[in-house]
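After this come two complexes, each holding chain A, first together with chain B and then together with chain C.
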Partner chain A sequence: MLDATVYERIGIAVGSTALALLISLVIVAAVGHDPLQFARDLIVGSFGSRRAFSRTLQFTTLFILAGVAVAVAFRAGVFNIGVQGQLIIGGISATLAIIWVAPFLPNGVGGGIALALLGLIAAMVTGGLYAAFPGVLKAYYGANEIITTIMLNFIAIGIVGWAVDGPLRPDDARSVRTDYLPDNVALPQLLFENPNFSIVGLAFALVVAIVISIVMTRTSLGYDMVTSGHQEPAATFSGVASKRMIVTTMTLSGMIAGLVGAIFAIMVQGYFIDPSGIGNYGFDAIAVSLLAANNPLGVVPAALLFGALDSSSSYVQINSGVPVQLIDGIVGLVVLFVAAPELFRMIAKRTGLGGDDR
Partner chain B sequence: MSVKNEPAKVRLEGITKTFGDVVANDNVDFTLEEGTIHALLGENGSGKTTLMSVLYGLYDQDEGSIYVDGDHRTFTSPQDAMNAGVGMIHQHFQLIEPMTVLQNVILGHEPTVNGLVDEDAARDDIEEICSRYGFNVDQHLETPVEELDLGTRQRVEIVKSLYRGAEILILDEPTAVLTPQEVDGLMTLMEDLRKAGRSLIFISHKLDEVLQIADQITVLRDGAAVGTVDAADTHEQELARMMVGREVLFDRLSRETSVGDPVFAAEEISVLGDRGLEQVSEVDVTVRESEILGIAGVQGNGQTELAEALTGLRPVESGKISFRDADITETGRRRRIELGIGYIPGDRQIEGLVQNYDLVKNALLGNQTIEPYAKNGWLDWGAVSEHADEIIEEFDVQPPNASVRATSLSGGNQQKFIVGREIGHEPTVMVAAHPTRGVDIGSIEFIHNRLIELRDDGLGVVVISSKLDEIQKLADRIAVMYEGEFIRTVDPDEVTEEELGLLMAGKRLEDESVDADAEPVETDSEAQS
Partner chain C sequence: MSVADYTSSRRVRLGGLAVVTLGALAAVAVLVFDVPLERIFTVGFINRTLVGASPIALAAIGGLYAEKSGVFNIGLEGFMIFGAITAAAAMYGMGGTSPSQPHIWLAIAIAVAFTLALTILYAVLLIRYKADQIVAGLAIWFMGLGFAPFAASLLWDTVRSPGLASINNYSVPYLAEIPYLGSIVFNQSPLVVFTLVVVIVSWIFLYRTQYGYWIQAAGDNPKALDTAGVDVNRVRYATVIFSGAMAGLGGAVLLAHAGDFIGTGDTMVDGRGWIAIVAYLFGNYNPIGAALAALLFAGLDMLQIQFQTADITLFGRDISARLMGLAPYVGVIIVLTVWGKTRMPSSVGEPYEKEE
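So, the complex of A and B:
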């Protein structure tokens, strides 16, 4: 299935998503709610109003970036499960860089753009480093990156959580958070009036997806990475230094993951919060990427699906009384139908424990 | 030894087993008499392990029958085979390392009392087996397997099979992992097992071991049984010839151009294999322009590791590699490709082609940094696509369609594509490992002619092969590799196939006049012998 054609892939993704939705309707009916009402609420809650739509796009933006981060690594045969941790590190770095440098820059739009760029760069650097570390451990010491990246997620949550509740928390803050970012750092409000979303942010995410797609298909580096993921001995034969490639891949993946955190801080929040309160973008991104067959462009529609499901959950709960956990359940079904078999196949292929590839 | 009026212990009739379009076993007959040791001899990839896996129920044969004690049997799993008294000791031990010897031996066949494992009964049984056959593993019964050396682990495997009631023991390359002392121990053990009436099948590619221990020897080559001989009536020379064989009669071509200057050299390089053991020991290689250096040897004597060290895929432990007077010992594979060191890899399925890529993408493999296919890191798929079409056209790759995946090509066509691509690098030196393995005769001729053309164009070519006829046809100079060393460098015009076969089996020639008079010889082999 990993080697299915693009059309087969799209068919599989659409089919399994439809099946997951269908089964969830049955479950909704079985627990005594009106399934048609539920289906209507899902759509209304995610696309039914400008407000709902912009909220869907807000989630989609973050899922695109996180999904691309995962896709880069998976495509190259490296299992970066640490996008959540890398985005937390990236987000706090972007926030702090902006807050620290802001006093030295003019207040106007120019200063805002400079600060936003600074934040993005800081996030890429720290997110990349935070991912390079498990990459080095894997390449040169044989540490399984699945395990190390998961552990690094907890470390990021713990340390940043402590810092945001401690030294970084302003005295007048009633919730656990950092200082506010300067007002001129916010992304412009165009088309939608939603303080947590800007179409500029979405455009940025799309550009990242396109750039990564071009890198993967049109550059030597991308060919090296994808070939390493397909058949590592052939990549080595062709001159890829496989250990260095693992570190490169992890770094690139972590840089994109860092951007998720930066966009979260700049576009969504305007400050940084307790990392345990940030959505599970890094984990759901694994499903997003697998649904998209680890194709950076395929991540966009997959991210839209996950964004819509996340976006409609509270509306569904209020309107149809269906608990929000059930929405998570749908996501779970999608994962079960497409993503999980794919993931196991990829792991099986890599460990040589079978898989239907060859 | 053999009892005429009783059915053979094991009889395999007309076993054929294919994997895709690869024929691993081709109508093989094999008979094991009770109480004997029967060796299965052949190169790697000749189908020995496949044949035994069929007998052990791991593979289902496409055609043919299995008889044990004269009864026709069908094994669908190793469990069936074990129930019929067939046990197999694999090259890679099937032991669970953290568990003790006792636990490993009884695993899956635990004696129980009221549903609980009866370790005392098991211990008695194992001790009885050990004392009967003179094993000394009983003092290790409570030791975790991970603390044992490889020789002891192997004995644990054998005890495990005997504990399960094996009458017939298949030992798959049992000496490969052992030290010489451990090999002696194993040989003694095998003799004891034979004395006790067990029947053994001994898989090996080492002539001396086979002659030392076996009663009968069946030689496999390219999946087919070449013949069965009594060990008492044969000698290494004959076995070597049977093993390596001759498929096509090649005429040695006379050459017109003269040998040029050295371009590529290795000095006293030592290389480790995958298991961390030294596979190449202080070897000197000199490749000259307009010359084909043939490296002959039975597979597994370090040729692969040597080729990988020369091409930059494997680091050297010691020694120096130089290219056009520049030291490239530490230079990585990519840079060596760019310098012009081409490599036709021995394993085309795994290394030479990405199976799921189409031929266009495969045409880029190794060319990622070479103009015009790539410029400043950007790929030009148009140029790559043209290159793929050129290769297909010029090397007659079937089907002539660059958009098919590599996996759908036959072995010969895959190889032609690889050869075409590697020659397309316009290399200065070409290392070709088993360039015609598994390739049909027409393609063999074609690839040979290409390699000769390369030489005539002034390239330095290294051909690694275990086919004597190929080496003799192509090489201007033959270095024979045995156990990680060049035991001799000879002139192909003055050496016979028999002599080469003996050299490959590790025997130094007594007739020293065979020693080539060409001066390259001295720089290569004599210094270290």
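So, the complex of A and C:
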């Protein structure tokens, strides 16, 4: 997908989304619901009220970070499908680090900030390591990273799921969860009254996206990562150790994925749950990144779109009776169409729209 | 040393390694942890392993045909999910919550037909529109993860189906009573036997027929095949469509043994399509090898039941079933690491364009 102009990429993204939404409207109509009502519920459920909007931004925050994690890897030609597992490992590590260190720090705001930072660092370290492992297996043993990262997703869900239901579960917990994070570990409530969202979290995600964008386009590290992914012989010729670059890429991607888990634990949940029950942020992030043509800044609008879709799902189900799982299906359709840019080129040629972009 | 010698000696070496490792593990289990081996390798265990391996082997054979011809069908997992939900819906549509045995067979056929139709669209995207094979394959998985529970919710109001029906074992009178062999060979799921037949037929087809040679040439040397007057893309269409149908069959067989559809989390397919890909890599693109690898992974999966029923403890604590259930995934990573650099057909992943 490197041989497309910026306009073409935007066209493909808009076209894929529109086509996927159109098909979903047809499906809604086919199963006997009102597609217009469904379309209206999608918008009202995501932007219709201050509460809905803050929930949309809550999902957007997670999707920006997760999308950037995927984009870093895909940009460098490494298929990290393991963001879901890496964010689970990062999230549980952040939760445990905070809970274990909390008794040794003062209770006030200062202690809270220190603990939150500690959580973020713990998540980056463990998420990075959990991604570096398949990176090493790919670079030095030729193990296909798509499959190893998917297996590591299953393993992360299994082990963390076992732990929060066993050794980490407090005796008085009625549901499967860890202890609560201390009260002083929370992001400040500004502008929005939503215990699961803070504008500070969103700002943090945006800063990460900008920093990564700069790293990828303006530093030699980013340049080496991209060239070793797409032109290995050229990279090797210019002295880049492409095997080490694969490991570096995976580690960076996993560190950002770990941050998703930490923000999920600190901003959204306030504790950690059975990972089979948290959203598929790591998978949806693949769609987010592909829609953005793996550009860290392009991830932001794509994350807003997916944040809105996810945010509206419960409203849609209650109001129009369409099962929420349709949203996941739409995500799949978007990815399918993004995979086939030729399809849109052909449509564009047939209809005479933007045919001279190339 | 010729290529054939090289791969066969490598296979022997790795096969030997696998046997030695398994032997060592068994020895450690018996000596150190005092595990009663005879209570692990029971007839029930063997039967469960055969049943568990069938869907993986079927999907793996589909996947290896596609990859042999030069197309990486990474969507196996997704097609398995579509196969499972279609079979469940068809069974429910025909017989409600108490479908008969013929309903099950019909439901499997409907599931294959549906996934076949779906794969035709997929093949057009891949071959005609040169879609990115990895991204499109992932998309099929995501669509399965979304649309299958969606369909379940529409039908049953939850992502799980009610209990439907599972396939009955056939039983040969008298012979079924032979110890061990009788209950494995003469009292077995017909779908296991069916899978065995498919494995052998697909081996013969791939290595002993002209079309099988065309498939291999389409992946290894598409230009030569084109020069010989065979349409490369036509061969690839056939194998991709076959691979999707086989994965759908695998999903339907999985459902026919389980007897109900589960759509929570990663659905009841739960990574089997990915394991199928590793199975054919491990089996060196050979249908029989792929089926043996499927047996290995299914065996790892079924160990959890053995550990539960044999009441085995580790350091005085029960072994968590959830942790034991991770064994196949760990096995896959080990296999890929040791056996990672497989001899892929040289043109996998490249769209073929005829020169005018």
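Everything below uses one rule, namely that the second predicted complex is superposed on the first by the 336 of 358 C-alpha atoms of A that agree within 3 Å, B and C clash if a C-alpha of one lies under 4 Å from a C-alpha of the other, contacts with A are read in each partner's own complex, and residues count from 1 in each chain.
Operating definition for what follows: contacts are C-beta pairs under 8 Å (C-beta built on N, C-alpha and C of every residue); 3 or more make two chains touch, one makes a residue touch a chain.
None of the values given here were measured: they were computed from a predicted structure.
Colleague: Put the two structures on top of each other at chain A: do chain B and chain C fit, or clash?
Modeller: Taken together on chain A, chain C would clash with chain B, as the superposition shows.
Colleague: Determine, under the contact definition given at the top, whether A:V240 touches first (chain B), second (chain C), both, or neither.
Modeller: Touch partner of A:V240: chain B, not chain C.
Colleague: Which partner does A:D224 contact after superposing on A: first (chain B), second (chain C), both, neither?
Modeller: first
Colleague: Is A:N144 contacted by the first partner chain B, the second partner chain C, both or neither?
Modeller: In the superposed model, A:N144 contacts chain C only, not chain B.
Colleague: Tell me the contact category for A:I212 with respect to chain B and chain C: first, second, both or neither.
Modeller: neither
Colleague: Which chain makes contact with more of the residues of chain A, chain B or else chain C?
Modeller: Here the partner covering more residues of chain A is C.
Colleague: Show which residues of chain A both chain B and chain C reach, each in its own complex.
Modeller: Looking at chain A, the two contact sets are disjoint.
Colleague: Given the complex with chain A, which residues does chain B contribute to the contact?
Modeller: 313, 332-335, 337, 343, 345, 347, 350-357, 361, 364-369, 374, 377-379, 381, 407
Colleague: Within the complex, which stretch of chain A touches chain C?
Modeller: Per the stated touch rule, the residues are 1, 31, 79, 81, 137, 141-144, 146-148, 150-152, 154-155, 157-159, 161-162, 165-166, 276, 280, 283, 286-287, 290, 323, 325-333, 335-336, 338-340, 342-343, 346.
Colleague: Okay, in this complex, where on chain A does chain B touch?
Modeller: Going through chain A, the ones touching chain B are 3, 218-221, 223-224, 227, 230-231, 233-234, 236-241, 357-358.
Colleague: Going by the contact rule at the top, pick out the chain C residues touching chain A in the complex.
Modeller: That would be residues 74, 125, 129-132, 134-136, 138-147, 149-150, 153-154, 159, 263-266, 270-271, 274, 277-278, 281, 320, 322-323, 325-326, 329-330, 332-333, 336-338, 340-341 of chain C.
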